[in-house]
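So, here come the structures, one by one.
In the two complexes below, chain A is the common chain; its partner is chain B in one and chain C in the other.
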Partner chain A sequence: MKNFLLQLFFLLFVNNALLCMEKNDQELKIFKNLRCLICQGQSVADSNSDFAQTIKLVVKDKLKDGKSENEIYDFLVSKYGEWIVYKPQMNKTNFILWASPYLILISGLILFFYLMRKRHK
Partner chain B sequence: MLSNIGNLLIFFTVVTSLLVIFKSSKLILSSANSISKNIYQLSILQSTFSIMSFVVLVIGFVISDFSLITVFQNSHTTKPLIYKISGTWGNHEGSLLLWINVLTIFSYLFLVFSKKFNNEFRLGTIITQNFLLLGFLAFLLFNSNPFSYIFPVPLEGLGLNPILQDPALAIHPPLLYVGFVGSSIYFSAAISSLFTNFGGKQFALSIKPWVIISWVFQTLGILVGSIWAYYELGWGGFWFWDPVENASLMPWFVMTALMHSLIVLEKRGTLYNWVVIMCLTTFTLTVTGTFLVRSGILNSVHTFANDPSRGLFILMFLSVMILFSIITFLKKFKLQNYLIETQSKETLILLNNWIMIFFLATILIGTVYPIFTEVLINSKISVGPPFYNTILIPVVIPILFLMAVAPRVGWIKAKFSISYYSLLVVLFALLINFLIQKAFKSYSWYSNLIIISSIFLIIYTLIDLFRGNFKKDLNNRLSRIISHLGFGLLIFFIGINHTLTIEKDFNLKVGETKNFLNYQIKFKSLDLEEKKNYKAVVGNFEILNKMKKKSEKLTPEIRIYDRPETITYEASIKSNISHDLYLTMSNIQRTEFYNIKFQEKPFMIWIWVSVILIALGGITKVFRNESNT
Partner chain C sequence: MNRILKYISILSLPIFILLIFFLALERENQYTTKNLVGKKIQDFELKSLNQENFINQESLIGNNYTLINFWASWCAPCREENSALIKIKNQLGLKILGINFKDKKNHAKNFLKDYGNPYYTIGIDKDGTTSVNFGVFGIPESILIDKNFIILKKFIGPIEEEDFMEIKNIINK
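Right, the complex of A and B next:
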């Protein structure tokens, strides 16, 4: 049974999932991850402004040069500051941001089960 | 003239509010056994005054009385009538007055519909409610008076932001406010219950309808807001994790959690303290949301109404509210003997609650974190969709399974076990997911997990519908089944929509054609149109699906409004049952090219329908409760 399920799992999930990412998808993903700095709360992908058009060209050029997604973010952050990326970078200052939701979730669950245990004894 | 009448009516509202507090306190102190007619009369008088003041403001907008600053700043004579009216709550001052209206009406309704409960508790609730009301009235009078006068009277108004001139935006704020302000009732009730020792099952029953009603309105309000964002903001998205959207979603999570733990309090008489904490939290979050939105402390696409002095006032109000709640709670806190078995429905509901709190905490942290980094270390960061998606989505999977399985588990003491039946449903879900991939295209393992778990919930809930004694106890489960089914469908369609959306961004000149995948997009011509309050450049596009041999005409617009002078980009959308075609265009300066964004979004309508189903579950519950009593 276990074996069968495992096989089924591989059949259903691991087909060509990883090949889905096309170039166009990557471009869009990056555009969506960048804030249009002269707009109010819009991403570069959503905005119609000149700024967004310029950034799109920059990103396209960088991709053509073979730069990776993270390298492009690093470049833009060094130029415009962290404000431009929607996904806050994992660093010392943002550690609390990334970790605290799960810390809350897990500590709550632990406390919950601890109290239950205690009551049972 | 209108200014005087309006101010006078507000003044009367304040006076009746003070009278209600005074009379009610006297009644409590004299420990009378009934609530005198006086209080009912005062309460209805209070609602009447505030409704009348609102009507006066609407009249001001309709007849374009520019002697009122609010009307001058947000209206214009050439605006269509419906937007003159909806303009009344399309601005900070007017919306605050609407807020106060809902507050007074809800207070009165609570008084009328709570007759079977303890009088002292009811009076306490009304008193607290009126203190809240006084707070908002003070805010209105000292900081944001919609009846402020301007002299000399301007001849013409400044006009309403064009993106707010929209039917969805006419009904979005009222829906949301009923949700927001509805939560004030159970805030007040919780405070009152702490003071009057009115707890347990009766307390649960007294606030249950209010929790459900506010939750239904909140759900619908969020839905209308998303639909509006979808077609008006030209993103093609419907949820952007924008601070303002987050502000409306945060109370929703607590309301949902509260709704579930109320069942425990009602059926098992336990979890009272937890329920009270959530009652207090919901309204606190509502006011927090208002603070974040109205103070302009956060950068948002919904840029109306921000002014730091407003922020300061709300912040003070909020601090008083939170401090008072905490002190009251700690002072009156009584350790309850909680009797919960590990393997029971109660445990699962608590688990649900904790996951809701996790969602809430994530959104709250994500929304306010940038404020702290900016103030403390002077670094401005953005917390956007990638953050929320990364953190939240993994936890959506267990909650989908929980939502399917938990309702079946018995109260008090049950035995958890994995039945073959559940495994069968899992296999069936896998199969459907497999067929979807065969029919369309395969997607990442992550999307697979989400879609499979949502199908699991859908099938499980559907089977539940036909289980057991169909007619007899269907009544008890119906609302839950509808809402849970709606949620399963929502996640399913969002998942499918997300993975199968076709999106293309390119530049075209008039007369050119773009080919990609199965599509051929032809930019046929440009028209100029002159409308009452704007000019429009309309693009005529023909979109040919080469596979289906079907062509559609779409006409996105660039609108130039004159009052106030604004350019908006209107998307052209063709909806049908299986997918939406979505097209926007914008001019690229100094060239004859236009930037075109094309999207084919599968099952878009079904996302809206799913949310309506979720709300429908709540609506059936309210009516069933009514008919039972």
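Right, the complex of A and C next:
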């Protein structure tokens, strides 16, 4: 019985620690993708400024409210513009930047196969 | 055909690089307020400085225009700005809602005693999270809204003489 309780306690402890780590990982991931608007080249994760601390609180509150990562980015972009995120989401203005690596790869492959076929002939 | 393909492949790289540069130059690389102008302010609820009631959008009903000013006693530019806000209140009759940002209550009260009170009501944003809903990233900042709670203009930094004139022009239109 004593062993069972000990094992149960240990299991709960590990489970809680893992959950906490997962939550912190998600917070950190979001903080790292947010730019500190009043700092020189620092993310919200790296900065201890007033602005960064406030944004950290807002992100934590939103996560507590069950908001997803993208919903948090959308909210902050609506308030501070696209400049606040390091990795901008795809939209019609930056579509070409997102699509160009794939387009280049596909056109390169087409060109490669075309030239190979021609050489064989 | 072979020649055309060769030209296309040679030309495509510089065109692609130029296009990337062009798009990068077009991109905003600093915080602007253009996202907020024309949008309605988000619902908010703040405790008032005198702790008697809560301040929310309903507190703004009846004002044709309202200036929402974010300030704190520890903010040096807010001291400079205070006289301009008093001028706006007295000369333009504009209602100014003060949002006290990350401050101590007694410090805020002392500030108003020392420099004068331009606000018709003051809410406390103790941890600064409500100010994020207004796109505030530092203080002082001010937002001019109309009776429908639409943001007409956002002022970053202390209100100065030219801002006073701009506010005057907007509300006298």
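The rule we apply is simple: the second predicted complex is superposed on the first by the 100 of 121 C-alpha atoms of A that agree within 3 Å, B and C clash if a C-alpha of one lies under 4 Å from a C-alpha of the other, contacts with A are read in each partner's own complex, and residues count from 1 in each chain.
As a working rule, a contact is a pair of C-beta atoms (placed from the backbone, for glycine too) under 8 Å apart; a residue touches a chain by one contact, two chains touch by 3 or more.
Note that the structure is a prediction, hence the values are computed from the model and not measured.
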Practice item. Based on the superposed arrangement, let me know which partner A:78 touches: chain B (first), chain C (second), both, or neither? Key: second
Exercise for review: Please tell me which partner, chain B or chain C, touches more residues of chain A.
Suggested key: B
Check your understanding: Which partner does A:97 reach: the first (chain B), the second (chain C), both, or neither?
Key -> both
Check your understanding: Between chain B (first) and chain C (second), which, if any, makes contact with A:28: first, second, both or neither?
Key -> first
Review point. In the superposed arrangement, does A:70 touch chain B (first), chain C (second), both or neither?
Key: neither
Exercise for review: Examine A:105 and indicate which partner it touches, taking first as chain B and second as chain C; both and neither are also allowed.
Suggested key: first
Point to revise | Contacts on chain A seen with chain B and repeated with chain C across the two complexes | key: 50, 53, 81-84, 93-94, 96-97, 100, 104
Exercise for review: Within their complex, state which residues of chain A touch chain C.
Suggested key: 37-38, 50-51, 53-55, 57-58, 61, 76-84, 93-94, 96-97, 100, 104, 107, 111, 114, 118
Practice item. Write out the stretch or stretches of chain A touching chain B in their complex. Key: 8, 12-18, 20, 24, 28, 31-33, 35, 39-43, 45-46, 48, 50, 53, 56, 81-88, 93-94, 96-98, 100-102, 104-105, 108-109, 112-113, 116, 119-120
Exercise for review: Please name which positions on chain B make contact with chain A in the complex.
Suggested key: 233-237, 240, 242-243, 299-303, 338, 340, 342, 347, 350-351, 354-355, 357-358, 361-362, 365-366, 369, 373, 377, 379-387, 390-391, 395, 430, 433-434, 437, 441-445, 448, 503-505, 569, 584, 586, 588-589, 595
Revision key, fill the gap. As the complex stands, chain C meets chain A at residues 2, 5, 9, 12, 16, 19-20, 23, 26-32, 34-36, 39, 102, 127-129, 131-135, 137-138
